[in-house]
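Two complexes follow with subunit A in common, the first pairing it with subunit B and the second with subunit C.
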Partner chain A sequence: MARNVLYPLYQLGGPQLRVFRTNFFIQLVRPGRAQPEDTVQFRIPMQMTRLDLRNYLQSIYGVPVAAVRTRVQHGSNRKRDHRHVRVKKPDFKVAYVQLAHGQTFTFPDLFPEKPPDTEGSADSDLQDYLLEQEQQRQISDPRRGGVPSWFSL
Partner chain B sequence: MAASRCWRLLPPSRRLSLHTAAEVAVAAPEATASDVAPAREARYPPIVASLTAKSKAARQRRIERWQAQVHAAEAVDEKLRILTKMQFMKYVVYPQSFALNADRWYQGFTKTVFLSGLPPAEPEPVPEPAPDLASLRAAACDCLLQEHSYLRRKRRAHLYREGEAVASPFLGQLVAALVGLLSAHNPTLATAAVDSKRPVHFYWMRGEEIIVSGHRKGRVDALRYQIDDKPHNQIRISKQLPEFVPLDYSVPIEIPVMNCKPDKLPLFKRQYENIIFTGTKTADPYCYGHTQFHLLPDKLKRARLLRRNCGNQIEVVFRANAIASLFAWTGAQAMYQGFWSQADVTRPFVSQGVITDGKYFAFFCYQLNTLALTTQADQNNPRKNLCWGTHSQPLYDTIEDNEVKGFNDDVLLQLVRFLLKRPKEDHSQVLEN
Partner chain C sequence: MAASRWAALCQGVSVALKASRALVTPQSHTRSGCRLAGDVFSETTPSSSPLHQSRFLHSTLARKGLEEFFDDPKNWGQENVKSGASWTCQQLRNKSNEDLHKLWYVLLKERNMLLTLEQEAKRQSLPMPSPERLEKVVDSMDALDKVVQEREDALRLLQTGQKYGRPGAWRRDLFGRIIWHKFKQWPLPWHLNKRYCRKRFFAMPYVDRFLRLRLEKYTRSQARKTSLMKKKEKSLQERFPRLSRAQNSSTA
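And then the complex of A and B:
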C-alpha cells in the first residue's frame, strides 16, 4: 500500500486498511524479450505485491487488469571498483500485467529516426545564413594574412 | 583420422591396382561367359556422415538411425518405448489452465483449427425408435436433486472446493444413468467401458528453438510437450467412430501463430517420465475413444473469472480444456495403433467431449487428421486437426424447494445425441437384422 511504512496489524473485526495517497511509484518499461500483445511490463517497488499493483492500476489509472505475474530481478554484485570492493546494482521487482477485455498494448518508439527529407528547407537556409553571418563578423583585416590581432603593438 | 593417415603412407594407386588386377583376373572368364556385362559392385562401404561429430549431418544421421529403429519395431509397446525413453526438459501443458487466451496457444501447439458449432450431422438411414425424453429428464433431475438437496453431507467440503464436491458425484451419476438408459438404443454403449478418473497422458514434439544457455548453447532443439489429464469420465469402445469430414479436408481458417516463446503463456518446463496412455494398456481391445466428460475446478468458475475482469475467458477455459484433452486422447489412441510423427495416420481418429462446471455444459467434437507435428514431418503437411465446439449452456436455472427450475431440454438432447453415436459397422448389422 505504501513504502517504508509499518502496516497496522489486522485483527478479526478490524477495519479494512485503506491508503489514499500511496507511496508506490511504478515504471512502464520496454520488454527485453518478445511478450504477447496484451502484456505490459512494469518495474515496481520490492514491497509492492500483485494485488497492490492491480488495485493501483484500476483505481488510479482506470486500467482493467486481468492477470498480474511478478518476479524479483537480482541486481549484479559482481562488478568491483578501484578498491576491489563489490558494487551492488539494486534489485528490483518486474511485473507482467495482462490487460482485460481483449485490450492490447505495444511499447511506443520513443526516439524515432528523423528522415532527412522531411527537414524544412526554410530551417536549413536560416541556419546556413546565420553561420555565414557569424563567420563574416569574425573575419579580420585580409591584409594581415591570417595573423591574429594580438600579434601587434 | 589415424586410419586415413595410415592409408596415405602407402600409395593408394598400387593397392587399387593389386585389387583390381586380382578381380579382373577372376572376373574376366565370368565376364566372357555372360552375354550382358554385370554392373560393377561397390568396393567400399557407403560414404556416410559421422555418428559422433558435432555437425548437422551427424545429428541428422543419429536421428535417422533412431527413426529407423522405431520403424523396425514390430510391437506397439516397443515403438512407444523407443519414442519416449529419452527424457529432456519439456513443457507441461495443463488442459484446465488459468492462463489467459490459452485456447489460441493450444491450437498452435496441437495444429488444431477451432470451428464453432458442431460438425454436420449425418442423416440417419434407419429411423430408430426415439429414446423416451421424459424418463431421461427424470433421471437427470433425480441426479441433480440427489446431490444438491436430498443428500446430507457429514463433512464440509475442502476450502474453495464446494462446487466440485457437489458437481463431481452428480456428473458421475448422470453419466452412469444416461449410459444405462441409452444402452438399449445403442448396442455399443452396452458393451463399452466406462472409466472414472483414469489418467490420460500424451507426449509430442512441435517446433524448434535455439538453446539460449548451457553446455548445448546455440544448438537447435525440438520443443517437447506433455499433457497429463484426468477426465472425470470417459467411454471407450472397441470400434472407431465414423469420421466427421474426410482426412484431407482443408479449412480456410488459419491456425493462430504467436510471436513469442511458450514461456510467456505462462508455461513451465519440467523433466520426468514421457508417458503416452489412453486410459488402458495397449492390449485392451477397447482402445478407441467415444466420449470424455470433464469437470472444471472451482478455480476456474464463472463468478471468480468475472470478479477478476476475465469475462471473455469463460468460453476460453472450455475451449482450451477441450482442445488439449481431446488432442491428447485421440493422439494416444493413434499411437496405440502404431502411428507416429513419421508414420502419419491413414484414417482420422474421432472423439467427443463434454465439459461442464456442474451447471453449464459445452459440447466438443475432435478429429485428429495428423500426428506429424515435428518440424521435419510438418514441412509438406497440409492436414490440420479439427475441433468443433459450442458455447456453454446451462442445464437448469436454479434448484429450489427440492425442485429443478428451468430445465433445459436442448442440453439433454445434445448429450443424448452424443451418447447415441455409434461406429459404422453397427449400422450395417442393424440393417441386416
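And then the complex of A and C:
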C-alpha cells in the first residue's frame, strides 16, 4: 500500500482500504543461488506483504503471479568506523515470485562488453603516434647492445 | 515460416491493443508485443526461437511485464544515458489530477528500473551509467507529492475547515512540555482503553522547577545568539564604514 503512512483502523463492515499513489519501490535482483526458471527475486520494502507484492505486480506491471514467498534479510551491524562505532547496513525483505502460466525468466546481462572496433579512427591514430614518440624517447644507446644503463661505464 | 510468424505477431499486437490492462491474457497473447534481444522470456513450447537484435514493438506497455524493470537494450553497456530535467512544482501544478496519477506510476516504474540497475551495478562492481537519473526521478516524485498534498489541504480546508487531516490537540506531556498530540484510531472508547489511560497528559508540581531551568537555558541561548549577531554587525561597520553608510542611506 504505502510506506510511512498510518493505515486506518478496520472494523467489520468498514470500507476497503484504497491507497492511490503507492509509496513502495521494488528492485529485481540477480539471485545469489541458482533458482528455478520460473522464480524471480525482488528486494521489497519491509512494510510490504506478499499480497501487496502480488497486487503490485499484477496491476502495475501486468505480470501473472502464481506464488510469492518472502523473508527478511538482516543487514550487518558488525563493521565499525574510525570511532569504533558500529555501522549498520539496512535490513531488507527478499521476495521470491513464481510466475504463472509456465512463464520463465532469466536475469539478463545488463553490462555486456562492447567490441573495441567502435573506437573512432582519429583517436586510435593519435594514440599510436603518442606511443611511438614515447618509445623513441626511451630507446637507449644502440652501441651498448641492450645492456641496461645502471651498469657502470 | 517467417511470414506466418510475422502475421501471428501482427494479430497478437492488435489483440493486445484491444485487451484491457488488468486482464491476464492467455500465454499466446503475452508473447505478442514483447521481444528482447537476449531472449529473457521463453515459453514451454519449443517452437519459439530467439530473435537476435530485434527492436522493441512499443505497442502497449501493459504487455511488457518484467521487461519494464530494465532499460532499453540499446542502453545496456553504455557509459552515459541522456535524460531530461526533473519535473518542477510549477509544471506539475498545471496538470490535472488524472495526469498526475498517471505520471506518478510512470515515474514509479522508472524509479524501479533505475534501482534495479543500481543494484546490478553494485553486484558486478561496475559504475552505474548516469546515476543522476535516479536523483531527478526522486525529485520529480517529491514535487508531485507536494503538489497533491497542497491540493488535498486546500480541498479539506474549503469543505470542512480542518487544517490537518489527522485530528490532534495541544497537550502537556509528563515532562511539562506542550506538544501536539496526534490522535490514534481505537475500536473502543478512551475511558475503557487501558493502554491509553496509562499515558499521562499532566505534569506534577515538582516538574515546575525543571521547566524554569529549561526556560532559563533557552533564553540564555537566544540572548547569546542575538548578542553575537550584534557584535558581528558592529565589527563589520568598523571595518567597512562606507558600506554601512550606503546601507543606511538606501534604507532611510
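By definition in this document, the second predicted complex is superposed on the first by the 114 of 153 C-alpha atoms of A that agree within 3 Å, B and C clash if a C-alpha of one lies under 4 Å from a C-alpha of the other, contacts with A are read in each partner's own complex, and residues count from 1 in each chain.
The rule is simple: a residue touches a chain if its C-beta (ideal position, glycine included) is under 8 Å from a C-beta of that chain, and two chains touch if they have at least 3 such contacts.
Quantities reported herein were computed from a predicted structural model and do not represent experimental measurements.
Legend: residue contacts after superposition of the two complexes on their common chain; A:D141 is shown touching neither subunit B nor subunit C.
Between subunit B and subunit C, C touches the greater number of residues of subunit A.
Shared-chain residue A:D81: touches no atom of subunit B or subunit C.
Of the two partner chains placed around the shared chain by superposition, subunit B and subunit C are both touched by A:G102. Of the two partner chains placed by the overlay, only subunit B lies in contact with A:R69; subunit C stays clear of it. By the touch criterion defined above, A:D123 reaches neither subunit B nor subunit C.
By the touch criterion stated above, A:F25 is placed in contact with subunit C alone, subunit B being left untouched. Residues 64, 100-102 of subunit A are contacted both by subunit B in one complex and by subunit C in the other. On the subunit A side of its complex with subunit B, the touching residues are 33-36, 38-39, 64-67, 69, 98, 100-102. The part of subunit B that touches subunit A in the complex is made up of residues 98, 100-101, 258-261, 264, 266, 308-313.
Put simply, subunit C touches subunit A in their complex at residues 21-22, 24, 26-27, 30, 36, 38, 40-44, 62-66, 68-71, 76-77, 101, 104-105, 108-109, 111-112, 115-121, 123-124, 126, 145, 148, 166, 185-187. Chain contact summary for the complex, subunit A toward subunit C: residues 6, 8-9, 11, 20-22, 25-30, 40, 43, 58-64, 100-106, 108-114.
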